[in-house]
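Letters A, B, C and D mark the chains as written, and numbering starts fresh at 1 in each.
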Amino acid sequence: QRFPGIGRPATPAEVAAWDIDVRPDFKGLPKGQGSVSQGEKIWETKCASCHGVFGESNEVFNPLVGGTTDDDVRTGRVATLKRNDYPGRTTLMKVAYVSTLWDYINRAMPWNAPKSLTTNEVYAVTAYMLNLARIVPDDFVISDANIAEVQKRMPNRNGMNTSHAMWPGDEFAKGVKPDVKAAACMANCAAETKVASSLPDHARNAHGNLAEQNRLVGPQRGVATTTPPKP
Amino acid sequence: QRFPGIGRPATPAEVAAWDIDVRPDFKGLPKGQGSVSQGEKIWETKCASCHGVFGESNEVFNPLVGGTTDDDVRTGRVATLKRNDYPGRTTLMKVAYVSTLWDYINRAMPWNAPKSLTTNEVYAVTAYMLNLARIVPDDFVISDANIAEVQKRMPNRNGMNTSHAMWPGDEFAKGVKPDVKAAACMANCAAETKVASSLPDHARNAHGNLAEQNRLVGPQRGVATTTPPKP
Amino acid sequence: ASAAATTAIAQQREGDPAILELPEHSKGLGKPVVTDGYGKPSQYERNVQRRRSPGLTQTAQASVSFAPLQSLFGIVTPSGLHFERHHQGWWDVDPSKHRLMLNGLLKTPMVFTMDDIMRLPSVSRFHFIECGANTGMEWGNVAVPTCQYTHGMLSCSEFTGVPLITLLEMAGADLKQGRFVLAEGADGSSMTRTIPMSLVKSGEVLVAYGQNGEMLRPENGYPLRLVVPGVQGVSWVKYLRRIELGDQPWATKDEVIHYVDLMPDGTHRQYTSIQECKSVVTTPSGGQVLLDKGHYTITGLAWSGRGKVKRVDVSVDGGRNWRTARLQDPVMSKCLTRFSLDWAWDGKPAIIQSRAIDETGYVQPLKRQLREVRGTRSIYHNNAIQSWLVQESGEVGNVHLA
Amino acid sequence: ASAAATTAIAQQREGDPAILELPEHSKGLGKPVVTDGYGKPSQYERNVQRRRSPGLTQTAQASVSFAPLQSLFGIVTPSGLHFERHHQGWWDVDPSKHRLMLNGLLKTPMVFTMDDIMRLPSVSRFHFIECGANTGMEWGNVAVPTCQYTHGMLSCSEFTGVPLITLLEMAGADLKQGRFVLAEGADGSSMTRTIPMSLVKSGEVLVAYGQNGEMLRPENGYPLRLVVPGVQGVSWVKYLRRIELGDQPWATKDEVIHYVDLMPDGTHRQYTSIQECKSVVTTPSGGQVLLDKGHYTITGLAWSGRGKVKRVDVSVDGGRNWRTARLQDPVMSKCLTRFSLDWAWDGKPAIIQSRAIDETGYVQPLKRQLREVRGTRSIYHNNAIQSWLVQESGEVGNVHLA
């Protein structure tokens, strides 16, 4: 023992109390089940106030549901994600794994009372959310037994990519080089010196008076944004 | 000009307002004068409340006056400083230069109203302090003209030493080596392992309850000093 | 003109009242020691605060506050100004009741108290932490006025803690099978992130309790957070309660739904963790106004999630010509590096930029170069070169060039 | 015994309530961002404060507060816990009215505003500051219980400022004739100190405004102080208002009356400025009680006013045998260095010491070695090896050995 007297074994009850994570291969998923209609009731009392009755609200957060099609359910790629003119991105447009939803709802939702749902309630609201996006039918009962089948219908299940140089190890992909390559030109470089974007005048004071966001002494002051710019 | 636009020349009036320092060679000393008896009056109204009528008080600070002899005035060495059994050290026992006194009183005293004395008042209280230690006679008038003579009577004027390795340059002395030399023995060293001094029991709680002076978690706690030590 | 000349002469004879009339503090007795057992900044520093960006988030508990980079010096971020990012609000957790559990692919699942952890050998290292969404508002157009808002989800501290590998070894971790760890927090979101064992094995990943000499601040995970150098802030799990060793990644909400980078082809990059090499000029910067022509010291911060900053170049003509800046030592790995360069402003418009290069040779890209590969919908990991336009009035604005 | 065994089994089945019963913060929504625009430590850190030593000084404005070294990590001292030493109280000076004047042996006496100074090229450096009187209460006998009081007039910060030599050169300083500068503060004492031009010329002496990323704290000289690396704190003049270049030293009160070292022969060493190589174990240290036998990490701080710390040795048997400790990098010049060493406490009495060696080869002395040369009446510059006695009860005391 390298460090005598430090730390102790965890009891099985202790591990059970905290080991709540659920992986994409469903390791960690507790047994249980919940129907769409059960989920609807829970949703309406415990989730809709923040996320909207159809998961469409963006009052406290991005909409959870919307933007996916039956075709996406078939292909596993959310088509609208390829469109540069479609600004919104709902949770169900992005999420690749049903386990991610289950795990997160189970640990963190409802936001103001996390970990208050029973296992079956988590199954049920998950079913309800999936039903809103027509991933599962109205009479569906999701359970640990059939969740792997549900995974095969996740609309963006094929929309992810882990082959990039921004993971600090070779666990996902080996030898990938950074994707953006720039060179360090020093003189007479081909530069764009035309201003293409700047803060519109009406937004001048949108972050408050910048004169009050800089020190009172120093090489400069904050700009008084309560008055228009000097010529 | 290496840094255009930064800084500006000081005006003569500005330099005069701030350039108040007085060196041992009396550079910076303004013309003026003050008598012991003038000094006594100022002392009693403006200094005695803190330093005592005879500069003997240690209520707000070490005594200023005391511990010097006529012999010291002659030799320029305060004899009691050589005695290990004499604990107190007054300002006049230590100070080598009269300029130091003048400069400090002028800039910093009275403590609660620094820079409120006139030049002549500073001369006068300096004279009074020196008189208390019999460095100048009762009827003495100190001035810029005779202060160099006074310097020759400062009791500890020869009691200083600048030849040591603790000044980070060779301005005072060149090539002096550190005075304390230790070696880094690693094993079976000749060590004193008998406890010669420790905090007496009655002082256990003198700095407050140490349990409240250490973090609530960590490798240890603070000792509860409100109760006696455990055996 | 003659009146002005007279004033000038009078002033020459007289001088600045701030000098001629001694201030109160030169003529009085000041305040006692321990006026504050724990001190605070000067009242004159009240403008130096962390701030929210209006409208950026819909709630204040799943939100962010930005560090005032425009007013900071050197590389250390004062803990009181450290940027905040919470997903379910912050807590002041009682450290005597806080526990860290290790489970998964190891011989003995274990529990550690704070006392236990603080008895183990620790290291102290300076590292930056940057939110993956830093500069995210600026992928398309200029959206915010100052470097507090463009780059302020960035801070740098001296972190003290125990290498996670030490704890894993104590629990008999299976270092062959175990390729990923899950880090889990104790807050409402019980924030979870997958961390590569390759990084853990390097000894760089810390279970940290110390920040800038004292304990972590509650907003930053008191009493325990994971420190994952070079990796985006959301992986630095706060209120750390559990570490699980596993053979597969976890696909947690914040690595596969939220902190994902949308590519032009409509796929999402998941597990994009590293904060690539980046820099920003903080003086002068957007929302400031220069007082005068003449000498200025252009200064800013550079950093790389892949190691040390090797070089920083600065341009004052919008990128046509560059000069190499001074770097303040010590230059440390995965840590902020302060750069500076002298500049005499002639009063004409100027566009100021900085470009950092790290020890791997990676060059910080132009916005255009970044967009060419990643489009404009990526949100995360915008490490493009920042441009500040100094106008003739002295006012400095945030601009994108094309 | 059987009751204890039953409890143990029950506990095995059940476990720690701090784990089994989820804490409030795992089941609720926390506080919003920018609850504090400038944050503060956890409520559970309330014991970590700077403190006065009762009876040490007769007033609270000419006094000192000690940093809680026993509770700090790494090398950075949080600015709120930086030790204080005032001679005439502290002030919160308006920086827009603060001026720095240069006069003496130079072509043009000059005035700088804070705006001017902050426009000049600056450097940021980590340095310790130690009061010359630190550990002064311990020349003779044990006087105080904890390392907060024995060694707490010590702090370390990242300072940002302009090398004083830059300003002197701007004013056309006579670098031949000018061998000393006088630094003068703007507080009531208008604190003055003589500084060697040799050190100024090296570029190390800074006119500093930044401390740990923000401005200096008012207690530490806001908005401007001199930084004189390696030299005792009283020379780091606060509220710096004036620099005079001269050909002779000034013999100011605090260099020839006050911060003077009384030698056994009755002479006073004046201008003793350098803080010689020194170290102290902060964990475990006086006034603490160890909770248990087993592993501990002995850790502490080492520093030298002459440059870098080269090595630190630690003894647990009162100096008979020593082991070399780990040093946390980066090891910087005239900066605190954190050392640590593993130790398994067997529950028996132990005397813990540390001994630092700097890059000049200087070895931190025993108390005896120091006293042999300097006696016991020196007050200043006590850099002797500190001994902490760990008793069987776990209680740690401050002891001197003989």
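Just so it is clear, a contact is a pair of C-beta atoms (placed from the backbone, for glycine too) under 8 Å apart; a residue touches a chain by one contact, two chains touch by 3 or more.
Note that the structure is a prediction, hence the values are computed from the model and not measured.
S.K.: If we define chain centres by averaging CA atoms, which chain lands farthest from subunit D? Would you check?
M.R.: A
S.K.: Could you compare the number of C-beta pairs in contact for B-C with that for B-D and name the larger?
M.R.: Most C-beta pairs in contact, of the two: B-D.
S.K.: If you average the CA atoms of subunit B and of subunit C, how far apart do the two points sit, in angstrom?
M.R.: 46
S.K.: What is the distance in Å between the mean C-alpha positions of subunit A and subunit C?
M.R.: 22
S.K.: So how far apart, in whole Å, are subunit A and subunit B when each is placed at the average of its C-alpha atoms?
M.R.: For subunit A versus subunit B, the centre distance works out to 66 Å.
S.K.: Return the residues of subunit B touching two or more other chains; collapse runs of consecutive numbers into ranges.
M.R.: 2-3, 5-6, 10, 14, 18, 111, 114-115, 215-219
S.K.: Indicate the residues of subunit C shared as contacts by at least two other chains.
M.R.: Answer for subunit C, listing residues that touch two or more other chains: 16, 19, 26-29, 44-45, 48-49, 51, 59, 61, 71, 88, 95-96, 101, 111, 115, 119-120, 188, 190, 215, 223, 241, 291, 294-297.
S.K.: Please classify the inter-chain touch graph. Allowed labels: line, ring, star, complete, other.
M.R.: other
S.K.: For this structure, enumerate the chain pairs that meet the touch criterion.
M.R.: A-C, A-D, B-C, B-D, C-D
S.K.: What residues of subunit D sit close enough to touch subunit C in their complex?
M.R.: Residue list for subunit D touching subunit C: 16, 18-19, 23, 25-45, 48-52, 59-61, 63-65, 71-82, 84-86, 88-99, 101, 111, 115, 119-124, 158-160, 186-188, 190, 209-210, 212-215, 217-219, 222-223, 239, 241, 291, 294-297, 299, 326, 328, 330, 332, 338, 340, 342.
S.K.: Can you name the residues of subunit C that touch subunit B in the complex?
M.R.: Residue list for subunit C touching subunit B: 11-16, 19-20, 22, 26-29, 95-96, 113-115, 118-119, 215, 223, 292-295, 344.
S.K.: Tell me, which parts of subunit C touch subunit A in their complex?
M.R.: Where subunit C meets subunit A, its residues are 44-45, 47-49, 51, 53-54, 58-59, 61-62, 68, 70-71, 87-88, 101-103, 108-112, 116, 119-120, 141-146, 148-149, 167, 169-171, 179-180, 182, 184, 188-190, 192, 196-199, 230-231, 241-242, 244, 246, 248-253, 256-257, 260, 262-274, 276, 283-284, 287-291, 296-297, 305, 311, 313, 315, 317-322, 351, 355, 357, 362-366, 368-370, 373-377, 381, 389, 391, 393-402.
S.K.: Which subunit A residues qualify as touching subunit C in the complex?
M.R.: Spelled out, the residues of subunit A in touch with subunit C are 2-3, 5-10, 14-15, 18-21, 23-25, 27, 58-61, 77-79, 81-84, 89, 91, 94-97, 99-100, 103-104, 107-108, 111, 114-115, 156, 159-162, 164-172, 178-189, 191-199, 203-204, 206-208, 210, 212-223, 225, 229-231.
S.K.: Could you pull out which subunit B residues touch subunit C in their complex?
M.R.: On the subunit B side, the touching residues are 2-6, 10-14, 17-18, 111-116, 215-219.
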